[in-house]
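In order of appearance the chains are A, B, C and D, and numbering begins at 1 in each one.
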């Protein structure tokens, strides 16, 4: 089978490998589509260091082509999405259903202490418990289940209620998904701040009640203006300190600031603890997804709660992965999806 | 001013009365629109006994025309919706924000132990804390804030999460609102069972993933079929025992059956306590609305989260109230709205 | 090894068997203590039908004596409590952490669709994920982890807040545990109704604010009297319809009636749906325990949050199991604990 | 009547004043006891600037001696505790029951934008909705209802579940109350870090599972050691940046750091946003109390869930207030309570 393998920082090689065989509790999935994400980008550029050679790709869906002998409830031919977070099922977090904090921290192609070969490949081996049936959902849309599940996870961190106001800072593929999940959770109104005019426009089309251009108007004034006051939840979906601080400054008393974008590991910010105390403005983080989030994400995609079509702007073969990283660098389009068999 | 006054069972008289004056903490609202509801219907027909003479009408919105001397934050000319539930602010329920269970149980025109004159009138007197600013929302749509708030209340009783499946039995004006609130709360999929073909069609247009005709196919089979299994939440929005039992039978293990329609006070149903224990299927009721629910309802209407236009199918003057009750009897149209100044 | 095997209704035989061997993911535990529970009683008497021969016993703790080859984090000599509910880790319920509703419904010695041999034996084979480290907690007290976890589960079903009033009807071993868990969850006051004078006394000593003798004073009056009004939560811990109805009648508006005792499968009760609607009194059931509940139970026992010593009133050998069932029949003592190596 | 009036920074004068008269919705309470708190201390020393003359004192209880004409449900002779936070009942926060964030921010003797004369006096005027019946609870213990309600509020901010581990840094009167509330909420184990040996000892007697002397052993190691790992909730009850940082460093992944002590308004701390994201460790603040918290606090005191006797270490007359501030400066004893009629 063919894989797009990271062989060194900045080097991706399309290799011919043996198709993996399932152990008793695994299945083999023929990949129909695998999204490209900022984590892949950072692994490629070395800003997130990983051991090589490694096959990346953790936002995938495809068809089951082989099942281990102990596997029940899954058959060859089943169409599935793949949850890259592999729970140990045994640690205290896994027992509580908080599989994203699993002490074993293992991922198929994504971030983790142990990283197994991922889905920028014609086939991938995954535990049977890591797949969800997608019915007749397209592979491209199903490949969004993983980032969507992260967004569901984020929204659940901040207890949104019907009619809560929300601001989202950053409307890349992730901010646009997050916004749609907030909308599905009853947030009202939703204000989005984003530099790129096309993404701003898309945000408005996909459900934002107001969009703001931070290069034109100061978000600290413009967001409360548009939302009728400070917001119950302000989510940052970029990963930068100044925008996290911005989010915090527009959060209403009693509300929450959600750190959803991935900040630099070394970044620091100055916080006033009196404000946290007096205004009861909490900081929450959202990392990755649980098995339950993933199942919910697939359901929401299957019932069309999310406009996935508008987010996938480019389909490429295994050979073209570096071109996706270039487009991401230049804020060109939104989601790049690898279709391994397209060549 | 003119009022449509219930003078006896089945008798409504349009009277000329003195416009009320505000006490220090009240405001006077000139009614722009007031919806007609099943409670009005039952009071009119005597199936819900009330002392007469009484002005009914508890789903209203209008313009502030006079304010009491102690009132702050409200001015003549403000456009407002009126929350008919008057909290005592002093009982244990009110202190918790559960104003719908207030021990004083007072309503402006609606159900309650103490009922004040309501909004089928040109003007109504209400406590200043009972109104919410509606901005430029139309009065007709704002008049839906009260039933919408009840629906928000109902959805909050059952802890819906993103991707939870929901069935709604009965798609009258209330079922259709409830369905839209469930949709806003992330329910997916949503299946609606309703006898009337037009209402079924509208349910589908307003967001139901599947609609079922209970005269054609057995809901006990058809609902799980359409939802991919028993549902996390099954809500009854009619008020009949057989449909409450139906709802319960399609509720999944660990899920909730919501009694939202108003059952007959004397009705009884047979329940198997072992099933409640073993399947952890809970029964929940939802009665009326809180001050917070009302505020959220106005927000959701203002930000277009609910299609209110499609629900208002008839606008009438004070004189025409009995015609509305006839239409309700015959399942003709959906919401009737009284516009007192229309004549 | 020796086992107390149910060979037919009403027949228990102490047998000599081969000690089981662990598969790769199992451990073998030498049983230190195994509590006797109403479920065992019903299986013995045939009121809960099971296939025989079967070794019962699902409230156990002991020492790991053998570990499967794939097992990590557990060693020979570890002292552990055993969670009898075996999750499949794969169904939708297990993924959410709701392992008690697992579609595979497998138990080690307890109620379930599939029942594996239990812990009225010198040794038992269990999956490695089913045990929790107990440190230096005594085996007898650790054997209470399972029923305690059920009680934690029950309390979690009804969202108790600090200062919520609670009534518990029935103070057998389970009611007394449940009461202690409610006390740990902040319930205040707690009123207990129980027929047996010794159990009533113990309830008071273990933390009930008031105890009621239902043979002396009518609980419908006495419970609200003692609690300062109807209670936020009323839990039934017997399993009879009249006491479930009693619990419901003393539940405050907005509160919950918890069905915790196991009702007869065929029992029915008449319920007024208007009351559920109008008073927002919900019915909740609580069945079994989750992996998380079990972990919490072990923690609470280790940190002495529960008085377990007072609940264990009799220690017997494998041969004496029928004597325990007799004591249970006669309301003699509280928990009977089997100590397999005591002979 | 006599009052202890703050006339300038550092100056308290016992004055003879007219007893206030109730407006229609007020009651007059003869103060039985009023606790002295860090807020009084800071107002006295000018580190919390207030307009003078002002009667301080916001932790009080006493006997109703006069009721306004509109007041229902309260009679002369009723024994009550006084909630100093006066809700406007009209703002969005009050409607939600979040009266501590009321936009009008008015307090009787405590911190607020508007401060009314407080309870270091023989009599105080308060709105009827601000008092709770205390039955036969002693005034001294009832005076703890206010700080206890703050602690209930704090514990509710962090969603403690049965068996969650908790660390509390600082065991002054507030830390010791907070600890008891966490214990009532099911926290297990509880580890307390405190400099003063007597307070440490008392913490252990009142329910801490382990106490740590931060002068002897490094809390960053000692707390996880004692708790079996990082804790689910770490609460700071001093108000200093280094101890807030300490609390955060011992918070487990997925857990919460609670800022409960009042930090300096100008203080800042450096925070790593990547950690909040990756470890999902949230920061929460807890400010003041709601009407519901206050009611719960009175209930918990009445049912003896809190050991209040051990916390009140000194009873003084109105003349002796400055001596209390000295004892607080020197960490002598715990709660000082003013008994206005003691002279």
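Quick note on the criterion: a residue touches a chain if its C-beta (ideal position, glycine included) is under 8 Å from a C-beta of that chain, and two chains touch if they have at least 3 such contacts.
Bear in mind the structure is a predicted one, so any value in this text is a computation, not a measurement.
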Between the pairs C-D and A-C, the one where more C-beta pairs touch: C-D
Selected pair, out of B-C, A-B or B-D, that shares over half of its residue contact pairs with A-D: B-C
Intercentroid distance (Cα basis), chain C paired with chain A, Å: 41
Geometric centre distance via CA averages, chain C-chain B, whole Å: 42
Two or more partner chains touched - positions in chain D: 98, 295
Residues on chain A engaged by chain B in the complex (per definition of touch): 152, 155-156, 161-163, 165, 181, 184-186, 188-189, 209, 295-297, 299-300, 303, 305
Of all residues in chain D, those that touch chain B in their complex: 73, 87, 89-90, 92, 95-98, 128-129, 290-292, 295
Residue numbers on chain C that touch chain B, as the complex places them: 93, 98, 100-101, 157, 241, 244, 253-254, 259-287
